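Naming follows writing order (A, B, C, D, E, F and G), and every chain is counted from residue 1.
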Amino acid sequence: MLKPLGDRVILEVQKEEEQTVGGIVIANNAKEKPQTGKIVAVGSGRVLDNGEKATLSVKVGETVLFDKYAGTEVKYEDKPYLVVHEKDIVAIVD
Amino acid sequence: MLKPLGDRVILEVQKEEEQTVGGIVIANNAKEKPQTGKIVAVGSGRVLDNGEKATLSVKVGETVLFDKYAGTEVKYEDKPYLVVHEKDIVAIVD
Amino acid sequence: MLKPLGDRVILEVQKEEEQTVGGIVIANNAKEKPQTGKIVAVGSGRVLDNGEKATLSVKVGETVLFDKYAGTEVKYEDKPYLVVHEKDIVAIVD
Amino acid sequence: MLKPLGDRVILEVQKEEEQTVGGIVIANNAKEKPQTGKIVAVGSGRVLDNGEKATLSVKVGETVLFDKYAGTEVKYEDKPYLVVHEKDIVAIVD
Amino acid sequence: MLKPLGDRVILEVQKEEEQTVGGIVIANNAKEKPQTGKIVAVGSGRVLDNGEKATLSVKVGETVLFDKYAGTEVKYEDKPYLVVHEKDIVAIVD
Amino acid sequence: MLKPLGDRVILEVQKEEEQTVGGIVIANNAKEKPQTGKIVAVGSGRVLDNGEKATLSVKVGETVLFDKYAGTEVKYEDKPYLVVHEKDIVAIVD
Amino acid sequence: MLKPLGDRVILEVQKEEEQTVGGIVIANNAKEKPQTGKIVAVGSGRVLDNGEKATLSVKVGETVLFDKYAGTEVKYEDKPYLVVHEKDIVAIVD
C-alpha cells in the first residue's frame, strides 16, 4: 500500500475522454481544464504552526476535480497513480 | 453536485455583453474589467494557523464581480462553471 | 449596491486635472503620482491568523490618495468605480 | 491635512545639496545615498497578526534619513511631500 | 553514524531499474518519476514558531518514494546516501 | 547623533587593508569577504508578531564582521557611517 | 574569539581530498557534494515569533556535513573559518 505524506492524496486518474469524429480521435486540448480522479489514500495533514495537524477535507472513495498540471506520477504494483497536494484539488464531485 | 474545496466558490458566469452597432457585434475589450457571476456553491473556508476555518464572506445565490482572468473552468452535467478563490471576488452586487 | 470584499474599498475616482495653457490641454504625466478618490463603500476587513477581522482604517465619505496603478475598474448602474485594496491607499485627505 | 495610512509617514524632503565648483553646479550622484526629510505626519501603525497595531518609532517633527528611491510623491495645497513606509526610514537625526 | 538535522532524513537510494531489451540496456527516462529509498536515519524535526519541534512522520526502516531531483548526496564509510527534507517524501510504501 | 531604526545598527567601517608589494598597492579582491566595523549605535529591535520588540544581540562598542555588500552609507557631521540590518552581521570579534 | 550571531555556526573546514593517480592530482568535482567541517563556535539561535530563541541543534566540537556553496569565509588571527547558517548543515558525523 502507498501512504501519502502530509497534505497529499493519492488518486486513480480517470482518462480524459477523447472525442471521436467519424472514427478520427480528436485530442481534447481545452486549456487548464481540470481532470477527474478517485481518491485511494489521504495523508494525515500538514503540520500547523501550533504543532497540530490540519485534517484533510477529502476522503478515500471520493471523486475529485484537480488541476491538470499538478502532482507526481507514481507506479505501485504496476498500476499508475497520481499524488497531489490537497490545495490542487478544486472540487469534490458528489 | 460539485463541492468546492477550501476558500473556493463555484460560479455560473454571466456572459459579457457584446455591443451591437448597426448589426455588427463589437467585442468588449476593456482591460481587466471584472466579470459577473452567480454563486452556486461555496467551500468551507481555508484552514487558519490555529487550525480553525475562516468561513467565506459570500453565500450561494449572491451575484459577484470577480477578476476576469481568475479561476478554473469546470464542466458538470454538461454545464460550464468557474471555480475561483474567494480572494478573486472583488465585490458583491446587492 | 456594490459591497467590496475583505480589505477592499470602492472609490469614485476624481479626474486628474489637466492643465490648460492658452487653450491647449496638456496631459499631466508626473510619474507614479497618486490619484484622489472618494470612498463609497468599504469591505469588512481581511481575516487575521486568529480568525478575527482587521477593521479598515478608512470610512465611507473620506477622500483618499491612492496608488495610481492600483485597483480594478468596475461599472455599476452605468457609473464607473475603482475597487482598491486598503494597502493601496496612501493617505486620507482631511 | 494629509493623514498617512498604516505604517506610512509623510515627509517634507530636504533638497539634496548641490556642490558648486567655480560657479558650476555639480550633481551629487553618490549611489543609494539616503536623503533627509522632516516628518509632518505619521500613520497609526500596521496591523499585527493578533489584531493590534504596532505604533511607529518615529514622531512628527523628527528629521530622518530615508532610502532615496522609496516612497510616493504627493502634492497637498501646492506643496510637495513624500509618503514613505516606516521600514524605508534608516535613522533619526537627533 | 550520520545524524540528519531538522526535518531531514537519510536514505539508501534504490537503483532505478533499467529495462533490458535483447541484452541492450534502455535508460528509464520517464519525467519526474519519483525514486524509492529506505530510511536509515531521521532528524528530530523542524522548529515551529512556538519553539517546539514537529516530529517527522516517517521512521527508520520505512521505504519511501521521494522526488527524483531532491536531496544532497553524501558519502559515509564509502557508502552513498541521500539526505532529503521530509517535504520531498511523497509517500510511504507499506 | 544618528539613531538607527528597528533592527539596524550604525557602524564605523574599518578600511579594508591593502597589501603593498614592493611599493605597489594591490587591491584585496577576495569574493564576498566580510568587512570589520565598530558599532556606534543600535536600533531598538524589530517588532515581533506579538507586538513586542526583539532586542538586538549586539552592543555599542563591539567590533563585528558584516556582509561586504550589505547596508546603506550615510554621512553625519562629515564622517561616513554604514547602516546595516542585524541579520547582515556575521559574527562579533571578541 | 569570534562569536557567530543568530543561527550561525563557525566551522573549521576540512579540505576536500584530492585523488592522486600516478602522481597526478585529480580535482574532485562531484556536483553539490557537501563538505565536512568542525564546529568551533555556535550562535545563540534565531529569534522566534514569540520572542524566544531556538537553541541550535549542533554543539562546539561536532563534525558536520554542510552544503558546499553555503556560508561566508572569514579570517581570524590568520586562520580561515567558514560561517554558515544552521539550516545549511545537512548532518552531524557521529
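Convention: a contact is a pair of C-beta atoms (placed from the backbone, for glycine too) under 8 Å apart; a residue touches a chain by one contact, two chains touch by 3 or more.
The model shown is predicted, which means the values in this text are computed figures rather than measured ones.
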- Item | Both-way neighbours, i.e. chains that touch subunit E and touch subunit B | A
- What chains do subunit F and subunit G have as common neighbours? none
- Task: Measure off the straight-line distance from the CA centroid of subunit B to the CA centroid of subunit G, and report it in whole Å.
- Result: 51
- Query: CA centre of subunit D versus CA centre of subunit G: separation in Å?
  - Reply: 41
- Message: I'd like to verify one number: the distance from the centre of subunit C to the centre of subunit D, where each centre is the average of its C-alpha atoms, in whole angstrom.
- Response: 23
- Which residues of subunit E are in contact with two or more other chains? 49-50
- Note on the structure: Around the ring from subunit F, first stepping to subunit G: the sequence of chains is F, G, E, A, B, C, D
- Would you pull the subunit D residues touching subunit C in the complex into a rising list? 1-6, 8, 10, 41, 44, 47, 49-51, 72-76, 83
- Note on the structure: Within their complex, subunit C touches subunit D through residues 30, 32-34, 48-50, 52, 54, 57-58, 65, 67, 86-87, 89-94
